[in-house]
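Heads up, the next two complexes both have chain A, just with different partners, chain B and then chain C.
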Partner chain A sequence: MKEGFGFRSLHPIIIFMYYAGGITFGMLLFHPLILLVGWVMAVIVNVHLDGGREWRKWCIPMLSGVVLIAVVNPILSHRGRTVLYYLGDIPITLESVIYGATLAISMLNLLTFFVTYRLVMTEQKFLFLFTRISPKAALVAMMAMGLVPRLRRRMQELILIQRTRGVTISEGSLPQRARNGARLVGTLLSWTLEDALQTADSMQARGYGTGTRSSYLGFRFRMRDGWTLVGFVSCAILLLSAWGNGHGFMTIYPRLGSFSLSLGDGLALAAYVVYLAIPLGWEWRDRRAWLITNYRR
Partner chain B sequence: MAHYELQKVTFTYPEESMPALRDLSLAIKHGEFVVLCGPSGSGKSTLLRLLKREVSPGGTISGEILLGQVPLQEWPAKELAAHVGLVMQNPDNQLVVDTVEHELAFGMENFGLERGAMRRRMAEMAGFFGLEPFLDRKTDELSGGQKQTVNLAAVLMLQPRVLLLDEPLAQLDPLAARELLGMIKRLNDEWGITVIMSEHRTDDLLPLADRVVRMEQGKIAYNGDSRNFVLEAWGRSDEACALPSITRWALEQAPPPSHFAEDEPPLTVKETRRWLDRASESLTDVRNTSASSEDSAEQKASHLAPSAASRVASTVNAKSIKPLLAANGLFYAYDKYSPIVLKGLEWQIRRGDWTVLFGGNGSGKSTLLQLLAGLRLPQRGSVQWEGTPFAKMSSKQRYSVIGYLAQNPVLHYAHDSLLEDLRQAATRAGAHDPEQEARNMAERFGIAHLLSRHPHDMSGGEQQLGALALTLLSKPELLLLDEPTKGLDPMTKLILGKHLQHIHKQGTTLLMATHDVEFAAAYANRCSLLFHGEIVADGEPESFFQGNLFYATPLHRLIALGEATPR
Partner chain C sequence: MNRLGEGNGKGLLSAKWIIFPVAIAYLGLAYLSLQRGNSLLIGLVLVLLSMIPFLLRFERRERKARELMLIAVMAAVATISRIPFATLLPGFTPVTFVVMISGIVFGAEAGWMVGAVTALVSNLFLGQGPWTPWQMFAWGMAGYTAGLFAHRSVWRRRRLPLVLFGAAWGFLFGWIMNLTLAIDQWVQTHSWEAVLGKYVLSFPFDLIHATANVFFVLTFGPSWIALLERYRRKYGALERIEATKGDKSSEQIPAVNG
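What follows is the complex of A and B.
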């Protein structure tokens, strides 16, 4: 589904809150079961937004990082009472294995969750938020974003043509290649700076700097944003009060506690899951609208 | 009431002894379409920039510039920025932000407009320019013509009363240029915006302009309407190269009489057709009879190609010779997902050819040239140099026998001065005395006075000549040129043509991709058309142009129209 439907239709501030909250809660809660459920929710959000394509792209780097954490923690940390076995003379404890696994799930959860950020928070939405904070910095960010593809394309052209003159980074001795590379970058920069003067003229000509800037980007705060906000706040209150009373995390050190969830833990889990699922409500609602439209046709 | 008024303006750049503008007085009325022309360095850009205070160059100025009877420097910044809009030459460099919609909004944001007002203007302007489908696109993905349209629209968002255009068409292909020009004309006609435009392509502009101002060495050399401009230029035969070829032809047929009808001298094909008909009706008026005027049109056409007969001979002979460069079944696409550019292209370049490659925008002319230069590798098929596939030649060998001149000459420079660049190229070519070789080359191309200049500080024409010199230092047998005449003024174009002619005479085979039909008609001995990834037409210029209406000079069009009418 495109911009303007489902999760993506929400106001940038609400989207920003969702991710800020989701990441905070993901870090506050430290119980393998709760985090595992959170991860499943994050995957579901991914699947809803783009069929999991973006998430699959990140799968391998994410998994390798996570496995690394899970393996390294027990090797480096020897806290905990229950020693499983000795690796040489390094004691591997049950507690540090569990701690490593939980930490790994926590990381996996946050990363998976953050993958969707890129899908929902488009540049336009980000700039809208950013312009509120600092209009000048937002403009610079915007110009930089426009410059990156231009620089990349120019570099490709330059590499192609300069090869005919023997200025290339794919042939010759290493120092020669390094010199050529520096020459290419230098040429690209002086060329681009030369052009930047014209860009500055173009900005001046259109009245840049004659007064305070306004912003063209506009997003309306709608009814559904209000309802979503109410949902977020109530979930957050529930979750934080449970957390404040010592629920939502598992005792691992010095001795491994029970995996089972207490009532408070259950409350925290429920609030967390509902919080993560709220935007999906809009996704389902709009999807139904599409179904109805399609049947009528 | 004059809108803009310059009173005895003299302007000198800092650290220059000669003023760039001298004692210049000019009055421009509301809603006028004024074309500024003149050779490079005659002060056109300086004048335009002085009219737009925000981008005025530093220097000493005397005299007065009035806008609506108020001196320019007394205008409040905001009003002035909105009142006068400026579009410059390079489509890329004027774009500030990343998406089209935001680019259009940029000016309005600077003025702190309300969001509602901005959206309303956006809707209007996007509608007028047909930009709605592009609003969400990145400006970087657009074609040159579209970019320039966005630049124009972005300026108009501020609702200016005066539009200054500094060679806005120079970087565009003819089709895009004509489209943009039509847009500018509409703005002038329908909205009454005053247009002041500097441009080399006067042939398209003369029929549209209310007034032509020709500048020479910082002074106004001519100030009047288009038809008188033509007569005046014709009178001083030296500058006739800037005239539309069709007008020049008509004037050659019948030297200007003392009295002219309203649409004489003719500026367009349509007017020339009418002029011909009138001439054939009244046998006594013009010395040519109706029959001979048709004949002379054809004679002239064959005259355009100076040595048509000898060219035919050379191409006949060439058929028996082994081709210099042969493309066998080339397939090329930029990546797996993008559309295929070349589809099994077969082509041969023979020694002694001066081939011109035509083709629409994005038809793959540049890509083909890069493949033929060995810069890119085809996915299928091969390119052979005198029967040897490229794969069996070292890249250095390839680059030395085949010279390649890119569309953007800036790409060829990599050092801090022209001399350094030339010397480096000479060293690579294995010259005994690189320094001397470099200086000789610069001398030959008339750019010796620029040797200590940074290549980026040279003008477009100088960069083009410099890049040509660089390429020629390796003494290539085949020279591939990608749009060599883009953005050049008529004088520089003539110089470039002379140099190329010289190189060709010395035995270098030339292949150039271009949109410039007139240039091709004047020099080439073979024309080819690239369409849908294949060469669809290939032959001598005469037979090539006669079959075409679009890829043809106005003169050929006139003849084609003449032939179509039953006699």
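What follows is the complex of A and C.
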């Protein structure tokens, strides 16, 4: 499953809109059930795009951060009618526990959703989009990104070589180790600056900055992009109108409301789920097309 | 919604102007969201909007490939510099130090760019989230203010002023990063105690960050400044106007290192 297949084959603008919208809706909606369903959808999108490999890698750090939010909130905030118990002198209220949990789910939802961004929005697409708005900054960001893996290899090499001289970060007192670490970074910097500036001269020699930047891949706005856009916009209108009429979030303070979803909440939830699922439609369609053309001739 | 620029000069202009209606729409949404007790969006929208002037300023000037490369290298080195320190204390990283030094040597604008790009790129490897724009803002401002701070006089590039500056940014960075949850606490409870509680909870981490900055400035500040100064002069990139007018200011730098 490479570029040109399913979700990944959509136009960069559509992909960008999908992520911008998904994050916005994830922050606007504040109801534990809706957010949980959103999280499940985000996991499904993850599984469809790369079998959930990337998501599993982030699972533990995401969960630990989110649990921290859920735990800290009731300790800091004492608002709410229903006191569960007293932690020393501090009242722990049901409302602030629920608020913390909802905030944590909301955060988990956003983080899980954004894991797929890296899979879908490749560097080419990012540059294609942002060279129109901020060409130099986008180029700098992409160059820095490209440098990171190379510098990481160099850093490992440096750590290995310097260890033979006794410059190591795994032994010795804390200040000594910190000093050695910074010395490694300094060496890496002077090493990298030398050849990076040669790269820059090479760029200059090949005519960087003499015209507008062109893209190697030609992204065309196709029929499927148009349909996806229509789907996004109609879902967004539905969701925002439900939200504007006061649905899609739960009353927590001062007294905990009911968890059950009203009709408007249900509408917002449906619009949210459909919005998140639209790119999967293209995944399914392309998968089917691939199977049909390859096996059922 | 004509977001498709035509690819030439005119298209570029129209693509840029799309920001304004989007920004206004988002401000409205964020305001409504705030009224309903959810402050996550308003913080993000304001922080993203605050980056626009810096980006516009950066784009306005003609940039050589060398200058862009220099900024990219500094950002990449700042990102990588987290690796050898991962086994030490959490939060004890030289990222803020690298950003500050870039601001001092290459000027405020470049410093902002290094900080913002570092946050963006390092989070691509460590995990993006709602904190990315805040980190871009905080590190960007660290680089920007470092540039402004050192611009005034050569004396400020000495160890002592830089140590104070680094310590201040160690705390400021943590305070900026706390804002999301602090505003959320305020919207939730309207009590200053809860907001203060958040800051007290994070104090040890801020202290580690400030200590790291002080340590790196003390031990490596002058030598790094000298190293980068040399590259700046050797390749003539990101030159300051003062430095090109009279060579006195650049001649004083070796004396500072001694």
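The rule is short, and it goes like this: the second predicted complex is superposed on the first by the 212 of 297 C-alpha atoms of A that agree within 3 Å, B and C clash if a C-alpha of one lies under 4 Å from a C-alpha of the other, contacts with A are read in each partner's own complex, and residues count from 1 in each chain.
Operating definition for what follows: a residue touches a chain if its C-beta (ideal position, glycine included) is under 8 Å from a C-beta of that chain, and two chains touch if they have at least 3 such contacts.
The structure displayed is predicted, hence computed values, not measured ones.
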With the two complexes superposed on chain A, say which partner A:Q204 touches: chain B (first), chain C (second), both, or neither. both
So in the superposed three-chain picture, is A:S190 touching just chain B, just chain C, both, or none of them (first/second/both/neither)? both
Once the structures are superposed on A, label A:R153 by its partner contacts, choosing first (chain B), second (chain C), both or neither. first
In the superposed arrangement, does A:F249 touch chain B (first), chain C (second), both or neither? second
Applying the touch criterion given at the start, work out whether A:G166 contacts chain B, chain C, both or neither, answering first, second, both or neither. first
In the superposed arrangement, does chain B or chain C reach more residues of chain A? C
Pick one for A:R220: touches chain B only (first), chain C only (second), both, or neither. neither
Residues of chain A contacting chain B in one complex and chain C in the other: 139, 143, 145, 184, 190, 196, 199, 201, 203-204, 208-209, 212
Residues on chain C engaged by chain A in the complex (per definition of touch): 1, 3-5, 7-9, 11-12, 15-16, 19, 26, 29, 32-33, 36-38, 40-41, 44, 55, 58-59, 62-66, 68-73, 75-77, 79-81, 83-85, 87-89, 92, 94, 98, 113, 117-118, 120-121, 124-125, 127-130, 181, 184-185, 188-189, 191, 194, 197-198, 201, 212, 215-216, 219-220, 223-224, 227, 231, 235, 237
Residue positions on chain B within touch of chain A in the complex are 52, 54-55, 77-78, 81-82, 85-86, 88, 90, 92-99, 101-102, 105-115, 118-119, 122, 138-140, 151, 154-155, 158, 370, 373, 375-376, 395-396, 399, 403-404, 406, 408, 410-415, 424-425, 428, 454, 456, 470
In their shared complex, at which residues does chain A touch chain C? 13, 24, 27-28, 30, 58, 61-62, 69, 72, 75-79, 96, 99, 103, 106-107, 110-111, 114, 117-118, 132-137, 139-141, 143-145, 147-148, 151-152, 155, 159, 169-170, 174-175, 177-182, 184-186, 188-190, 192-193, 196-197, 199-201, 203-204, 208-209, 212, 221, 229, 240, 244, 249, 252-253
Once bound in the complex, which stretches of chain A touch chain B? 123-124, 139, 142-143, 145-146, 149-150, 153, 157-158, 160-167, 171, 183-184, 187, 190-191, 194-196, 198-199, 201-218
